[in-house]
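Two complexes come next, and they have one chain in common, chain A, joined by chain B in the first and chain C in the second.
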Partner chain A sequence: MDIKLERVVKSFGSAMAVDHVDLHIKAGEFLTLVGPSGCGKSTLLRIIAGLESQTSGSVSIGGDTVDAVRPSERNLAMVFQSYALYPHLSVRENMMVPLRLRDLSAAERMPLLGNLLPSRATKMHAIRSKIDHAAETLQISHLLERKPGELSGGQRQRVAVGRAMVRQPTAFLMDEPLSNLDAALRVHMRAEISGLHRSLKTTFIYVTHDQAEALTMSSRMAVMMDGQILQVDTPERIYRNPADLRVAQFVGSPRMNIFPGEVDSLGRIQTLEFSLDHVPSEPVQGNVSVGFRPEHLRIVNGSGGHDFTLKVTHKENLGADYFIHGAVADGNHQVIVRATPEEVTGVSIGDELGVGCYKSSSLVFGDSNKRIDLRPGLTQ
Partner chain B sequence: MTILRHTRLAGYGFVLPALVLMFVILLVPVLVAAVLSFTDYSLGNSTADWLAWKNYEKIFTRSSYQKMLWASALYVLIVVPVSIAFGLAAALAIHSLRFGGNLYKTIYFLPVMAALLAMAIVWETALHPTIGIVNRSLEAGCGGWVETFFSWGWIPGVDPESSWYASSCQEGFPLWLGEKRYALATICFIGIWQAFGFNMVLYLAGLTGIPRELIHAAAMDGARSSWQRFRLVTWPMLGPTTVFVVTITAIRSFQVFDTVEALTEGGPSKTTYVMMYAIYEKAVEQNLMGMGSAITIVFLMLVMVMTALQRYMVERRVHYS
Partner chain C sequence: MNTGTYSTTGELAKHATLILGALIVILPFYVMVSFSLKSPQEIGTHAGGFFGSQQAFLDQYCVKLGNPEADCWRNPAAYNYGNAFKKAPLLRYLLNGVIVTVSIFVIQVLIALPCAYALAKLRFWGRELVFGLVLFCLLIPVHAIALPLYIMLANVGLTNTYAALVIPWTISVFGIFLMRQFFKTVPDDLIDAARMDGMSEFGIVWKVMLPCAIPALMAFAIFSVVAHWNDYFWPRVVLTGSRDLYTPPLGLREFQGGLDGADTGPLMASATVIVIPLLVAFLLAQRKFIEGITLSGMK
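Right, the complex of A and B next:
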């Protein structure tokens, strides 16, 4: 079932947490809401869940408007950042809660009386087998009798996922589920959650502030900033083809290098000490921002052939790659260049290096941060 | 070796003042009371006779002391559950408010802050049989719609003439503090009135400690009604608070004294003769230190047993995160 948001607004006083968001989440897709802290992504997720009510706009699930439907009736499952496991219940009991509350009648849930009802026994049997099945999938069968307090962060995370998946919800909502884990486990759980999505084939709506999670896991990602969704697309296209300067800077690590530029009288784009080969498809005037990702810059050895020079301020060793941080000669701009270990042997802090640009990979943004399309220019 | 021995001695030296103070201030008085409880010592006497268990025998056989145990037990059994239930209900209600919570907190907390003795005098005036506001208000309702309503005559099958309100209108309203039927209940009422604000504040603190995400998780898991959310999250998460509230309220209820001393002095016919008042009467007013000490020891034992029982029964089932 598709989930649709139309013109959703959430304001706290005069502050807009969610600012006219339209979003269409297709059945079965893994959609990531990604953005910096405070951009409204969690609020948006909670509006979908029904835990927060929107100021205006509407949410529909499978074509039915659910604005007046309570969270418990929306058939969504949520994994919280803190996992929100019931600390007084064992793992098994935690996972039983959603099934007990939904499948058993009020009489069957009664502490003593319920045990006398024959229908309860059959239902409880079904519930138990569902839990055993989910526990097996998540490899937590050996933890079922423990209390959440006796589990590690990663195990709690699995239990939280398990509690969400014991019933068949329309969608899984995940609110930064990996942010409390250590780095290695986080990378591992990324793959596991993606695998879970592939096997369950249910809609996942995943909130994160980590662009790497969004890039690696999602089938589509929605980049949010200041309460607005700036771009919704596949991770590949968001990375290659950001529609907005803020998207370009947020996605990709290290950040994209941004240089100020301007369009000259011939329509060419000038930046630093060089000009781009491409020209705007539509005529543009005035100031622009020119972006190069670190991998679109290269160290040029020897004199000549470089587009600008930088003074090395920091060498970052990632093993397979180096990131050279430096200041552009004019002293006003910081640059990060990706290089191979071979290219930077002998480079030390304080050195002047020539840098070349893969100019056709540049991304140009005009006023109000909007992307400017380029076309090959006429060589003169 | 010598250095080690020196450090060891130094260690004892450091804990010595604390140990001495603990013995002198906390343990010695209890021991003195325990010893006195086996004698017929009176203040001012140079000697005392050893009575062995006679004082204790009296406590458990004489009717006035049995009444004392009964009055204390009844008081605790009424005040503890009712003041906790009211405290929790008020805390839940205030916690759900968007505005005005602080105003209600202040109002409900007023009886806790006020000196109970002063409040007891206010209650004495209010409950005065002829000029008290309680009985005058009740009398004002006689003969009007208030009497008609509270005589329950409008409920089928109820005879309004035999109802409490109607017969009280005929024969006069009770002497709240002077009649055997009402005295302990009235003392209990004042005790609840005084204690529930304190319990409410403790529960409010407990409620703010419950993560919002847990309540939300319960909603997502299908807890439709607030009762279901209460059963699933709120009540278990308040477990540690409840253990504390029950223990504190029970001990404080056992120690009730001010209201009894100010309002009933243990009467009528010992229906409000609670342990604390008995200790005061025996040891201070009648200078029977031996007897007073014996009651004190029984009192101490009861409180200790009660606390231990609570630890055993409740804490096992309570989750401490």
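Right, the complex of A and C next:
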């Protein structure tokens, strides 16, 4: 079932947490809401869940508007950052709660009387088998009798996912589920959650501030900033083809290098000490920002052939790659260049290096941060 | 510089102060238990140490009643504790105490937990004002409103009933305040998870917040039960007739009227008897208290 948000607004006083968001989440997709903290992504997720009511706009699930529907009746399941397991219940009981509340009648839930009702036994049997099945999938069968306090972070995370899984929801809502885990476990759980999505084929809506999680896991990602969705697309296209300067800077690590530029009288874009080969498809005037990702810059040895020079301030060794941090000769701009270990042997801090640009990979943004399309220049 | 090491005299002074404080707290208790075990003569002459000699003594009252002297020799401890139960219906008083304190505590919890939940976790207009009023009520001394309370209860004809002993205490602002402070520390995510699972707000109070709040509830139980078990003032105000409703502290009055000093022993024995349930309850609660803390595996 598709989930649709139409013109959703959430304001706290004069502050807009969610600012006229339209979003169409297709059945079965893994959509990531990604953005810096405070951008409204969690609020948006809570609006979808029904835990927060929007100021205006509407949410529909499978074509039905759910604005007046209680969270539990939307048939969504949520996994929280703090796991939010009931501390006094065992893992099995934790996973049982949503099913007991949904499948058993009030009479059947009564402590002693309920046991006398014949319908309860069959329902409880079904619930138990669902829990055993989910526990097997998540490999937590051996933990079922433990209390959450006796589990490690990763195990609690799995139990939280299990509690969400047992009710076979229309969609899983995940609110930064990995941010309480240590780095190694986080990378592992990334793969595991992606695998879970592939096997369950259910819609996942995943909130994170970590652009790496968004890039690695999602089928589509929505980049949010200041309550607005700036761009929704596949991770590849968001990375290669960002529509907004803020998206370009947020996605990708290390950050994209941004240089100030301006369009000269011939329509060419000038930046630092060089001009781009491409020109804007539509005529543009005034100041622009020119972006190069670190992998679109290269170290040029020897004199000549470089587009600008930098003074090395820091060498970051990632094993297979190096990132060279430096200051551009004019002193006003920091730049990060990706290099191979071979290219940087003998380079030390304080050295002057020539840097070349893959100019056709440059991304240019105009005023109001909007992307400017380029076409090959006439001079070529 | 001598940092990190403790000076011996300083340590001694600290411990001496602490020991002195402990003695001041423990001594009355010591005297109570000790007197409850001794004969009137030993109490009068401060003889016999803690346990007394436990030698049989002559019960003068028994002799005055005209009984032969040989039948009037008594073991002190047995005499004191026996008389505690004989001279006053102490078991009846203990039962009254249990009925009153348990009723008060249960109703306090029934009222305080939903209130505390609303004040801690629900957003509604005027919440801060209501919480301010709760804090304000904490400042009102009981004795200041005793008379109006008595008049109200008298007007509805409730004096000399259990209701009179229980009703004025059912809304505990202290309980609301304490539980609200504790509920503030329960993560919002847990409540949202319960909502997603389909729990009602009342379901959340009793099935999620209550189990999380066992340590705080135990602390509140100690305050509430001790205060109302030991309360002398309020039962004295509203119980004007029948002694059937007397709570244990009122029961002690039975012994105060005695003109002969022979009643000191039984008085101390009954005082000991009414303290014991509290001690037992506290020891049980203490274990629960610790379990409660280890139970909460939330981070």
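One rule holds in what follows: the second predicted complex is superposed on the first by the 379 of 380 C-alpha atoms of A that agree within 3 Å, B and C clash if a C-alpha of one lies under 4 Å from a C-alpha of the other, contacts with A are read in each partner's own complex, and residues count from 1 in each chain.
Here is the rule we use: a contact is a pair of C-beta atoms (placed from the backbone, for glycine too) under 8 Å apart; a residue touches a chain by one contact, two chains touch by 3 or more.
Only a predicted model underlies this, so the values are computations on that prediction, with no experimental measurement involved.
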When chain B and chain C are modelled together on chain A, clash or fit: clash
First (chain B), second (chain C), both or neither touched by A:82: both
Chain B versus chain C as contact partner of A:198, first or second or both or neither: neither
Chain B versus chain C as contact partner of A:149, first or second or both or neither: both
Touched partner set for A:97, first chain B, second chain C, both or neither: both
Contacts of A:49 with chain B and chain C, given as first, second, both or neither: both
Intersection of chain A interface sets (partners chain B, chain C): 46, 49, 51, 70-73, 76-78, 80-82, 84-89, 97-98, 101-102, 147, 149, 163
Chain A - residues contacting chain B, complex: 46, 49-51, 70-73, 76-78, 80-82, 84-89, 97-98, 101-102, 147, 149, 163
Touching residues on chain C, where the partner in the complex is chain A: 187, 189-190, 192-199, 208, 211-212, 294-299
Of all residues in chain B, those that touch chain A in their complex: 211, 213-214, 216-224, 228, 232-233, 236-237, 239, 318-319, 321
List of chain A residues in touch with chain C within their complex: 46, 49, 51, 70-73, 76-78, 80-89, 97-98, 101-102, 147-151, 163, 180
